[in-house]
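Two complexes come next, and they have one chain in common, subunit A, joined by subunit B in the first and subunit C in the second.
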Partner chain A sequence: MQGSTRRMGVMTDVHRRFLQLLMTHGVLEEWDVKRLQKHCYKVHDRNATVEKLEDFINNINSVLESLYIEIKKGVTEDDGRPIYALVNLATTSISKMASDFAENELDLFRKALELIIDSETGFASSTNILNLVDQLKGKKMRKKEAEHVLQKFVQNKWLIEKEGEFTLHGRAILEMEQYIRETYPDAVKVCNICHSLLIQGQSCDTCGIRMHLPCVAKYFQSNSEPHCPHCNDYWPHEIPEVFDPEKERDAGISKSSKKSSRSRQH
Partner chain B sequence: MADEKGSLRGDVEEGEEPVVAVTGSAYPGKQAEEEEEEEPMKVEVAVGADACSDDLSCGEADIDPSLLELADEEKCRSIRKQYRQLIYNVQQNRDDIVNTASDSLTEALEEANVLFDAVSRTREAALDAQFLVLASDLGKEKAKQLNSDMSFFNQVAFCDFLFIFVGLNWMEGDGRELSDYDDNVALSFWETVQKEATSWMLQAEKFHFIFGSFKSEPSARKPRLEHRKKVHKMEENGDMPTKLRKLDLNSNQEATEKEVERILGLLQTYFRKYPDTPVSYFEFVIDPNSFSRTVENIFYVSFIIRDGFARIRLDQDRLPILEPININQVGEGNDPSSHCRKQGVISLSLQDWKNIVATFEISEAMITNSY
Partner chain C sequence: MPRGRKSKLRARENRRQAQEEDLVLQRATAVSHTEPTNRDPLDEMVVLSVYYLLYKYQIKEPITKADMLRNVIQVYRNRFHEILKRASAHMEMVFGLDLKEVDPYRHIYVLINKLEISYDAILDDVREVPKTGLVMAVLGVIFMNGNCATEEQVWQMLNLMGLYAGRKHFIFGEPRKLITKDLVEANYLEYRQVPNSDPPCYEFLWGPRAHAETSKIKVLEFMAKIHDTVPTAFPSLYEEAVKDEVERARARAAAKAHTAAMASARSRARATSPSRPNKV
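The block that comes next holds the complex of A and B.
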């Protein structure tokens, strides 16, 4: 705090309550975040104007900087929803003492992560993950227990499960992007458009470049003949629709996705 | 008595090695029932340190030396017995003494006091000390239970209420011990308690994260193929991987039946093409390309035979052959149930299979794959 050149923001109870709420949930969608921000203002400071979300979050981030914690904004890979997650940025002696998961559970997550990164589609089948259970560090884990642990990861929004296969939740991508880039530099896939880490996406058959689904949607928006930006070959995949929060709200209170083929994952 | 005391002091003044027989407490003059007048010199030698005996000999210990010698063994034994009995009783009734507001502890102490009057030797004294420790422990517990504040918290009753809250009515005399309950009950117990307890306690949520909690560096990765084939070839287990609990064992049964039916169809097609020619068993089941398929075929054919659609017997060369059984034959009192059950066991090792393929010159499987 003494050496920082940037003026550190000031947190009031509004910010603190918001931070605690975000800490409880881990990751939230943008509409939820806005709603909670309004709620925090209502509880503590009724008459104040609600600060713009971006400034609000930057304020909190400037205070959290010294603790290597940050509220990161990202986009879900399957349908482009904006999300906010509270992530840890550094490995310290204190962070190593985290007790959410046991050593063998963390190792399972690491192995699942590796399988997901190495896979072609960004999904690792549960059988493949479970087959690695024998090689885990720490206390021996049975396959039934491992299933349980994987479900725990899904509940805590670190993994997404779809038809027996697992992929990384947006929260995990936001938190682990740096780690993944450093640990798996040869296997990591990157989106051609936004240049950030890619787990799920579409790829060109000829030249092999990849793009996130929401990036594809934005790039080929209202383009009837999509062509690969790299090799100019015809883009063979279905172009998804750009995520529109207005349309989403109009679809109704129940947040079943407007596309029936996409399953809602969080 | 006074004379003897005086003589003892006299011994000290003469500079003799003072001797004392007591271990700890200072014994006031005791009156033994069978007191005998003895010479002071016959006192026993102390077991304790010399310094200790020095102190005790300085006139503080009013020991009646007559008691130290020839105390009645019988009496001492009975004193010890009574002490042990007292200790045992107090231990057995420990809960009673501590939890109830009775005078039992006081009574026990008074009893010990009476016993103590008769004690003259270290053995009994040691037992008395042991009892004293026990009694003081109980006294301490009773004192702890003294409540100076208005509200009264009974831990035992609270535990019972907890059990009732969770729904484990283990007190209701069905004789179940706590150890009979299994893990699930324990888990659900804590979950229920937690649900209720958290609503009464204000607690800030802690920060959950995964990055940074890995303890050690991951091992060096094997170099990966750079360019993967884009066209996604269907892998071996490319079918939707099922979760463990979705394993539908029933589907295996249907698969077997389907296979058996299919092979039966193949067999019957053969028999229709070449009527009245039984097929060599080995030629039928052996798959020259796959040992495991061969074993599966044998398995399925055994069902066919069991169900009576085909017959296996040895031909002139003592080689097994498969013969058809016509459906009308089945109806003509040749029903399988009337036949006495015959069983055969076929064992086939990898080497056997290879030998058969070579001997019979089987080049392709008669039972083709379904996929």
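The block that comes next holds the complex of A and C.
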């Protein structure tokens, strides 16, 4: 982090509008963010040139710095898509969800989060989560209601559901990484390549190190004989393909062997 | 809106109060961890106040001085106006949200969006233009059915427009995906299972973006036009829409009134009492 030597940027209505809409959406994929940026220019400053997204966001972040909030860029764990969210750096709890959920709902999320972090695969089954419904703080919740709340988490992009199992959405990882690392320091898993929090990924059968799927894709790109970067044993898993935003837009399918330009925050 | 409104609101309010205190306590500890301790504690108060104001804005509740003192400012209560002034300067400069005092006697404030979004915002987005009519129509069905419409009711309307589930439309694409997925992800609609329904059936509500980008009166005007009539042809809906608009206009009028409303002089003149009963 650059800190106080960073020159403070200038906020115009274009930036404010962008910030408002990003806050409303919670999390957005990069192509949506670019579209949002263009929309803000169109509404508030039609004739100006649209600034490069990275500079635009850095400008806003320099103003947000004194409030300990930041527009953070991350990457989805399953397919390496870049995503953006407005993150409160000072909040070390899940209270950022508090504006949408009641006390017992937040506790349900906390329970699901713990199961996800403790799991080997990064997924917690619906059954296991629902079995904890009796232990929730606040108003009593029935399992049927809890099912509905879990769907609310999915809709609000805090959780992802796959075949009856739940894992963290990229948004939750972006917003809560710090909280998770501080609260569960022993259970937390970390990627061997980017050193960020890891929920879903691949692991070495021999030495146990883990890597995110997009990190695996990038590291083993066009390598026909992948070996573990730590113990050099043969890497036993299928190497996923790197996310390419260009091809994605044209073909509507994710293909590649071009380098992906995503970056990851520590 | 759910039934048993008054008692549910009160219970919800009590829970919120407790939650708010929890929230702010956690953030207070958090902020103090992020920086060296020779920082001005008032700066910290300002930052926490900004978070609190944003939270209240997102849950669409007005801000009272009493709540702010209790949940955020606490020991620094004698610096309340200074803290609030600095916090509201941040809100305006960074987020384009204006803090206005709507009740100078009970010290109630609201945040007004200076970058007020209008119906045109939906049209401006070129990609969304073909869908605008559809979005408004779905919002209309929802509003006309008491702010919550079953999937069946929505399909009845879409079928009238020539849209059928599973049948791809040359402009809208496949309508089922559009309303249950795309528009939900874009935050225009909320799609949820009817509680305790078995076999499960689903209902639609307005999403947060719909609330932000349009209003009941605008949607009613749109629906009236479709039915080749005027909004007043739906008296109870018209009444509800007008009430909603009055609340918005009141907030806007307060904004126009005066910015100096936060000056301490007037606030000391009258006896104040908190606007809400003490929570549990």
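Assorted remarks:
We take it that the second predicted complex is superposed on the first by the 235 of 266 C-alpha atoms of A that agree within 3 Å, B and C clash if a C-alpha of one lies under 4 Å from a C-alpha of the other, contacts with A are read in each partner's own complex, and residues count from 1 in each chain.
Convention: a contact is a pair of C-beta atoms (placed from the backbone, for glycine too) under 8 Å apart; a residue touches a chain by one contact, two chains touch by 3 or more.
For clarity, every value in this text was computed on a predicted model and none was experimentally measured.
Superposition note: with subunit A as the common reference, subunit B and subunit C are in steric clash.
Looking at the shared chain after the overlay, A:98 reaches both subunit B and subunit C. Of the two partner chains placed by the overlay, neither subunit B nor subunit C lies in contact with A:237.
With both complexes placed on chain A, subunit A has more residues touched by B than by the other of subunit B and subunit C.
In the superposed pair of complexes, A:148 makes contact with subunit C only, with no contact to subunit B. Touch criterion met: A:24 reaches subunit B and subunit C at once.
Contacts of A:218 after superposition: neither subunit B nor subunit C is touched.
Contact with subunit C, but none with subunit B, is seen for A:35 once the two complexes are overlaid on the shared chain. In the superposition on chain A, contact is made by A:118 with subunit B only, not with subunit C. Legend: residue contacts after superposition of the two complexes on their common chain; A:163 is shown touching subunit B, with no touch to subunit C. After overlaying the two complexes on the shared chain, residue contacts for A:88 are found with subunit B and with subunit C alike. Comparing the two complexes, residues 20, 23-24, 88-92, 95, 98, 103, 144 of subunit A contact subunit B in one case and subunit C in the other. Subunit A contributes residues 20, 23-24, 26, 69, 86-92, 95-96, 98, 100-101, 103, 106, 109-110, 114, 118, 120-121, 125-128, 130, 143-144, 147, 156, 158, 163-165, 172, 175-176, 178-179, 183-184, 186-187, 203, 205-206, 208 to its touches with subunit B in the complex. The touching residues of subunit A, when paired with subunit C in their complex, are 11, 13, 16-17, 19-20, 23-25, 35, 39, 42-44, 63-64, 66-68, 88-93, 95, 98-99, 102-103, 138-139, 144-145, 148, 151-152, 155.
On the subunit B side of its complex with subunit A, the touching residues are 204-215, 218, 221, 223-224, 226-228, 230-232, 237, 240-246.
Chain contact summary for the complex, subunit C toward subunit A: residues 12, 15, 18-19, 22-23, 26-27, 29-31, 33-34, 47, 50-51, 54-55, 58-59, 90, 93-97, 113-115, 121, 124-125, 127, 184, 187, 190-193, 195-196, 208-209, 212.
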